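Read through the structure below, which is laid out as C-alpha cells, and then see the notes.
When the chains are written out, they are named A, B, C, D, E and F in that same order, and each has its own residue count from 1.
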C-alpha cells in the first residue's frame, strides 16, 4: 500500500520563563533577555502532529486525525493549556521550558500512543514568527 | 548547477463522502462519523505542488511555476473543482475520497507532466486544521 | 462603562449547490456556472461572530466567548457541519444556499441567544478568497 | 483632500490571569475557568492600530506607519512585552487583564500620541480564534 | 430584501517609489526613508473589494463575485500587475504611489463598474503588516 | 543531546526583473512574460531561516533565534530591503534575480555566520502563492 504523512494542527496557550537555576542571575538575564522575566510571559502555541504510515485500504486513512486530536487533548492539552509550564507541569521542573523542550514533551506524550503509523515530527509554533521541529532524536 | 525545491499553491473545492461499500453501514458510521453523511459534505482544498530539480542557468528557475499552474488547471482543477468526488470523478468510483487518496490522484495527474525537475511532494490541505503529504510511494 | 466589540472565530464545512427551482436549468447553469453542479460541491466555512456591548466591571468581558462558541456548536454547528445544506437543512428548502443566506441563518440562530451584549455582525468566509458580512437588515 | 484609514499590525506577548479579587475564589473559578489559573497562562497578542484621517498631498500618507510603530514600541511594547500583565504592569493592578481592557490600555497610550489623523480603532487578537475591537467609548 | 456586504480578495504585485518632485531630495529622503530608494522597491498587494447591497431573491447574491474579479482583472490588474507604478501607470504621473492613493485608483476604476450593489470599501494590504481602507471620500 | 530544527521567519521587500542579457529581447519576453517588464515589478519576500543542531542543555536552545534575526538584519536585510535587486545589489549583477537565486544569496550570507547548529534550509516566499527551498547544493 502507498504511504503518506498526515498532519493535525492543534493548539494550547501557556505562561513560561526561561531560567537555568544552575547559572547566575546575571548569566540568565544576559542569555535569555526578556524571556527571563521573573514573573513569566506567555504564548499561544500552535502544534502540528505529523504521522507517517501506510494508507489503509479499508479507510483511505493513514490514521484518523480525530483520534489523534482526542489523544492530544487528553495527554498534552490537559497538562499544558492555560498553565504555567515552570510551576504547573512537573516534567519541566528540571528542564528549560524552551520551544525545543516543549516539542520533546509532546513527542514523549504522543509518540507511544499513535494508533496507526508512527509519529514522524512535532512542529511547534511559539509565535507566528518562530517554530521548532522535533523528529525524535 | 545548484538544486532547489519550488512550490506553487493552487486550490479547488469539492463535495465528498467517506464510505466503504465493502463494509456495513454501521461500520461506516462508526468509522467515519459525520464524514459518512449520506448526502455528502465538502471542503476548500489548498494544494502545494513541490518540484525539485536543478536551477537552470538560462532562466534562474527550476521550473516556471506559471506552467505548473496551467497544467494543474487543465489536468486536476478541471476534473475536481466544484465537483462531487464520489459521483463526478471516475477515478474515485472504487477508491475512498480521503485526503490521502486525493493527494495520490493529484500526484498521478501531475507527476508525468512536470516539464522540468520532478514532482517531489503533493501537500493537500483539507481544512486549515489538517493536511496530508504524498511523495509517491 | 466602556463598550467594545468581541469576536469569536468558529467553523464548519458543508456541501451545497446553487440552484433556483423557479428558473430554467439553462438560466441556472448560466447564472451559477460550476456552483450549479447537480451533484453539489463544498466548502470549509470560517465564521466570525461579532458581539458588541458594555464591558462588565465584574468580568472585564463584553461576553464570555466560550459561551458564544458553545451556543454556536449547539445551534449552528450541529445543524450545518458535515451536512448537505440543500438536502439536510430544512431552512434552505426554499432558500438559495448562498454565503449571504447562510450568514442570515447563523444570525437568526445566534442573535436571540447571545447572553450579554448583542450580535452586531456575522462574517462568513466561504473560501480564503471571499466572504460576506451580515448585520441584521 | 480624501480621507482613508491606515492600519499597522504590531505584536507583543505576555502572561496574565483573570481574577476579580472582590469576588470569592469559587466565583472566579466558575466564571473564568482555566483563565483563572493561579500561576497564570499567556498569549501572543497581535494588535492592529487603525488611524483615520485626511491623506496628505505632500506625502500621500494619512500618517507614516513607521512612526506609529515606533510610538507603539516606546509606549506599549516596552511596558507589556514579555511581561506578566497582573504583576508587572501597574495599570492592571485594579483592572481585569481581559482582552477588552488591554485594548483600552493601548488606546489610552496611543490615542493622544498619533501625530496625524486620529486613532479610530484598536483591534487586539488574543489568539488566532478571538479578538476584540475598541473605538474609544 | 435583506442587505449584506460581500468581499472578493484579489491581488497584484508592483514596483514603486515614494518621491514628491515638488520637494527637495533631502526632504524626500528624510520623509520617506528607504521608500524613497531611487531604483524602486516593490510589494505583493492583496486587495479586498467590498460591495454592499440588497440580496437578490433570484440568485441569493448581492453580486456575483466572479464578475467582480473579472472586472478587476480587466480594469485594475491589467494596468498594475508586474508594473512599475511610477513609470508604467499614467494615473500616478502626478500622484504619490502610496497605499492610500493606490486604493483611490482602484476605487475609481471599480466603483462605476460594479454591476449590482455599490462599492463600499477598498482594503489594500501593502504587506502582511500594514493596510489601508478607502471608502470613497 | 537531542537534536531539533529551529526556524525564524523574517522578511524584506524589493523590486526586481527577470532578464537574461545573453538572450534576445523576444526570448526574454516569451520566457518571463510580465516578470520581464523593463521597469521592474516587486514583491514582499517572507523568509524562513531553518537551523538544525543539538539542543544545548544550558539554554534549551539549538540557537538563539534573536541572534539569527540580528545577523539577517545586518547581512541580508541591509542589502536587499527596499532595494532594486538588479540595480542595487552587486551579487545579482551577473545572476538572474529569481526566487531560487535569492535563496542562494541568503544561504551564502547566513550559512557561515550561524553561531550554533548549521543552516539546514532557506525557505523564501515570493508571494502567498509560491515559495522555494534551498538546502545548499
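Going forward, a residue touches a chain if its C-beta (ideal position, glycine included) is under 8 Å from a C-beta of that chain, and two chains touch if they have at least 3 such contacts.
In this text, all values refer to a predicted model and were calculated from it rather than measured experimentally.
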Fewest touching-chain hops separating subunit C from subunit F: 2
Any chain in contact with subunit B as well as subunit E: C, F
Option reproducing the contacts of A-B, where over half of them reappear, out of A-D, E-F or B-F: B-F
Identity of the chain that, by mean CA position, is farthest from subunit B: D
Distance from the mean Cα position of subunit C to that of subunit B, given in whole angstrom: 28
Subunit C, residues touching no fewer than two other chains: 128
Chains grouped in pairs wherever the two touch, ordered by label: A-B, A-D, A-F, B-C, B-F, C-D, C-E, D-E, E-F
List of subunit B residues in touch with subunit C within their complex: 11, 13-16, 33-35, 37, 39-44, 46, 81-84, 87-88, 127-128
Subunit C-touching residues of subunit E, taken from the complex the two chains share: 2-9, 55, 58-62, 64-66
Touch list for subunit A against partner subunit F, complex: 18, 20, 23, 31-33, 95-101, 103-104, 128-134, 137
